[in-house]
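Look for chain A in each of the two complexes below; its partner is chain B in the first and chain C in the second.
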Partner chain A sequence: MAITVKVVERPVNEVSYVRAALKGMGLTIKHLFAVGDRVTIQYPEEKSPISPRWRGTHRMLTTENGKARCVACGLCPTVCPANCIKLVPGEDEEGNRYPLVFEIDEFRCIFCGFCQEVCPEEAIHVGRHYENSEYSREGFVYDLQRLMDQTHPVCEMWDPEDPKGE
Partner chain B sequence: MSVLHGFTALLQAADPNLPPVSGMVFYIFTLVKIGIIFGIYMVGVAMLTLAERKISAWIQDRHGPNRVGKGWLQPAADGLKNFMKEETMPAGVNKPLFVLAPILSFIPALTTWCIIPFGAPMPTRWGRIDLVVADLPVGFLFILAISSLGVYGIVLAGWSSNNKYALLGGLRSSAQMISYEISLGLSTIPVLLLAGNVSLNSIINQQAWGGWNVVNLTVAFFIFMVAAFAETNRLPFDLPEAESELVAGYHTEYSAMKFSLFFIAEYANMVTASALMATLFFGGWDVPFTARDNIGPYSKWLSLLSIGIFLAKILFFVFVFMWVRWTVPRFRYDQLMSLGWKFMLPLALVYIVLIASVMLGLSAAGIDQGEKIYPAILGSVNLAMIIILFAILDRGRIISPAYGRMHPREVERLKQVEKQLEKRHPIAAEAGK
Partner chain C sequence: MVDAKIVNLTIEGRSVSVPEGTTILEAAKTAGILIPHYCYHPGLPIAGVCRMCLVEVEKAPKLAPSCATTVAEGQVVRVHSEKSLDARKGVLEMLLINHPLDCPICDQSGECELQDYTYQEGRNDSRYREPKRFNPAEDFGGDVIYVPNRCILCTRCVRFMDDVAHEPTLNVSERGDRALIGKFEGKDMTHPWAANVVDLCPVGALLSKDFLNKARAWELDRTASICPNCTQGCNVIMETRENQVVRMRPRPNENVNAFFMCDWGRLNYRWMNEKSRAEHPMVRGKNGLVATNWEAAISAAARVLNGKKAFIAASPMLSNESLFLLTQLMQAGGGSGTFRVTEGEEAPLPGVEDLALRRERAANVYGAEKLGFKKTKDLLGGLGQGDVLVIAGEDLAGIDASAVARAGDVIVISSVLPEAAGKASVVLPIANFSEEEGTVTNLRGRVQRFTQARQAPGETRPSWLVLGDLLGAMGKQANFFLPSEVFAKLATSNPSFAGLSYDSLGFRGLPLVDAPPTGPKAPIAVAAR
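Right after this comes the complex of A and B.
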């Protein structure tokens, strides 16, 4: 079998090394002096904007008198696919249910946001917050008080009426 | 114009026939010069690592290091880190050579500096001080001898590491550096022809009154520059390192200060190559647009000014090195070799013959080197040659891309090879189809 070599006629500016290299150097020098085009975000001082639907660290909302809104209905531990919510329900003398123990293991959590979606009282939320590093694994188990103490904005759920969030 | 004259007059306010210093003073001043050069060189090389990171960052629309002392202390932080790191000694290395290699790659770059003149002679009360550590009469030959030693460090590093990537890097660098050394040496022969001497001081003097060699010998400058890129193993010729193919090439197995020494050597080589380009083709420390500034009378201000000018020229070339590195991608190995042997070497040889005949013709016509028309004629010869090279020959011939056309002779040869293969191994040839 004879070797067939396909010889392609190409325009000079495509096969010229020097021209291409000079063109490239022109481009790089332009970027060198384009001070306004720097794309780096200086992270700890400067943060990139996050979506209003960002699902991060949890937050438990409270009522006016400072109690957790949670009524310990047990929907969130049921729906949680990662099984990271621990809930022990209690009942006071008036018959109101409240959580005796409410713990979220942020390490197990996959931040799907189902707990927020399922909550009938709009108590548990995923938040617009991501800087939650800890020195130990135990630190990632957030108890009720810690969840109530969080102050960051909460995730805005996707609204079927307004799919683009406008 | 009169301002310029006044300026030069101010610079040349000293006795023209000051004798050079001698005896004890000579030794003391030589030691001082060595100390100053070594100090500035090492600090400069450290700052160049920062410059490289900054320039690469800016070209890529980033900020670059800006945390440790606003970025200025980054080289110090890097140095400290390299001191604190563990010195690894992989199994199976040839220990003496493994330790020796970084030193060997560093020393030649530094040694070259002892004969590069870095400023106009400085008058002192003890006599004239030439601003060069050793004014060797063999000058340029010494540089060629020393710079070819640089390959030993890299080859020994690759071989002693007991690592296939390191070995491949060392192999490549030896082939590459030896190939380009030839073009590098040949490209400087026209410079020596013009100067009529191999001493670097006389090359600078010749350029001061005869025009810079970049005008007289533009093509030689380009050959020298390309060969210098290959000699310093910088992109687009960084095949010995080739991160994407060879991990880190010859210094794959090195860590801590030994690795750092390779790094320093790379930048030191870059500075030395830049200094050589400035000296051989851009008039060395010659202050541009002033005549007679290198035959005296001298003054301290002229010396300082010329040192500054020389530094500026070096920094410009170092910037070009970095600029090219962050623009041009790496060559394929066969492109590298064919550029070196099939293009640069013949070009350098043709160029020597051309320049020699032009010089012979001009001297036969009675035109002296000092006359204004001399650089003009040489310059126009170069211009014609550049137009021929870049406008007509640079069509996939200088560096053939993967899709470049194959010479009909090469196609014919491949066909023959195939036929022989069919005759000898019919089954294999059948399977090949």
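Right after this comes the complex of A and C.
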């Protein structure tokens, strides 16, 4: 048996696209002349504000004498779900525990911020920063010096006024 | 303990039957209940000073320290009752009063009993607001460093030095909250077994200088093995990080080493991480040794050996399996085999019966002798003109090339290419002790298994596999896929090994059929000090 299709008759004003096209074009023309309420941001001259809890590329904080605060406790490579932190513990000149190698592969990182949360020394932080570009893949493996040289603000995991999130 | 009276009691609602005189703590272990404890250690006399093992015993007036209370008929013990949990929580709070909580920089972190028990049953926070006492870290000599701030004064180290090493070195100095572990005037921790206090220390107060800041406890891969550094054959755990052996620690075995191992054996692991290794099978061509594939190298070696008299210079570090296959090689052409062993000073641990750092510093001296290798000082003395010299695991240190020149041909089956073997016609690279599986026989004739802790580099293969293939290429019946198969063959062909198998050996080992009988070592006299 052949399949039959029932064609529903609809009024012309419902199926015509002319009215909808004109309506859309009207909106476009309205915005063409509405100079006051612009929504476009003139990036890179202008930047949109980002949340204080933004989690971007890392930064290592330093002590007053310019050394990394890291004591190579090994918690961040342990907690890291992407396995992007390489840490080889050792000692500095004064015999204190200090990282010999501390590398973060920012390509592998998923920016979960666990490393900042777990750090007992408040050394490693995720940054409020999103502009990264490099000419090579290797450039995204940040070593300890590069992490210490970063200057962008760091993520606030919680509001200092309201630490319990109430 | 066959004639001891059996006592029945109830621990945490489980009925337990143990011989009379057992402590509640040990009885609970048999029921699978771990009572938290610090000062108690099965290898040391009981002190009862930490009060961490307090448990509630029904009808007793107060809580009992389970490490120092013996079981009694019909006793009902509650380990996790409110009263005992509360008492232990109090003990933990007191222990943490002066503890610096510097876990991020403490080497013990991750294997620390103070951490573990605080997570299990301690308080969430501290109520102590006053400044903590501080004492600087002190070098105790030997391999030991002492951090007094972390110390909980369990006195395990003091008791080890007094009652096991029989060399009183440590004491508890000062009293009250100022108390710390001190050294006697003019003494230090250079006793050959002193580093055991690092393992005994339940917290991070006594640390190994060698392991300091090297790795975290949770990053280590642990492998059951045997210490290859002397003929005692102490059971050890080989700990590796990123394929490097970083530490060896004793594994309890009451028939061999109780709970201990010597400092020399403990620290002599670096040769297992040797970087300059023979990594590819090589055959001599027109332009010297050329790397080739395994099949070509094995058949070249078989061609060299076929019908010739083989003189085997073996290493006493090789496993029973490899030495057995070497004897097969030897018998094929009517050859002979020798080995030599480096010697040092014997250093006994007086508190444990028949335990010492032995004079002969190699794992399998007894096994090599048992399998027909002759121990000699002059390694190549018996090498006849024109014999095929097979260098198996031996480094030929101190032997010059002229002694080797007498050989008609040289085959090297080693993990490191010995310099003196410059004219080798075939090189078969093998895994070293930490990279393969096998068994060794200690000086009391106890056969013990060791397992693979590291990945072997390059194209190296386990020694038993290489030797099995070589025998196969020479037309012998020797197709082995597992070291257990080699051992099974050894057990059927050598009466001393009869009846032994990997399954029956387990990880505690068994004596050879004709080994002199040795009973289990008497535990340290259990007496309150």
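By definition in this document, the second predicted complex is superposed on the first by the 125 of 166 C-alpha atoms of A that agree within 3 Å, B and C clash if a C-alpha of one lies under 4 Å from a C-alpha of the other, contacts with A are read in each partner's own complex, and residues count from 1 in each chain.
Simple rule for what comes next: a contact is a pair of C-beta atoms (placed from the backbone, for glycine too) under 8 Å apart; a residue touches a chain by one contact, two chains touch by 3 or more.
Every value quoted in this text rests on a predicted model; they were computed, and no experiment measured them.
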Chain B versus chain C as contact partner of A:Q42, first or second or both or neither: first
Chain B versus chain C as contact partner of A:M25, first or second or both or neither: first
Residue contacts on chain A - larger count, chain B or chain C: B
Contacts of A:N83 with chain B and chain C, given as first, second, both or neither: neither
Contacts of A:Q145 with chain B and chain C, given as first, second, both or neither: neither
Chain B versus chain C as contact partner of A:A34, first or second or both or neither: first
Partner chain in contact with A:S16 - chain B first, chain C second, else both or neither: first
Footprint of chain A on chain B - complex, ascending: 55, 58-63, 323-324, 326-328, 390, 394-396, 398-399, 401, 403-406, 411, 414-415, 418, 429, 432-433
Residues of chain A defined as touching chain C within the complex: 71-75, 78, 89-91, 96-97, 120-121
Chain C - residues contacting chain A, complex: 103-105, 109, 212-216, 218-219
Residues of chain A touching chain B in the complex: 1-3, 5, 7-8, 10, 12, 15-19, 21, 24-25, 27-29, 31-34, 37-40, 42
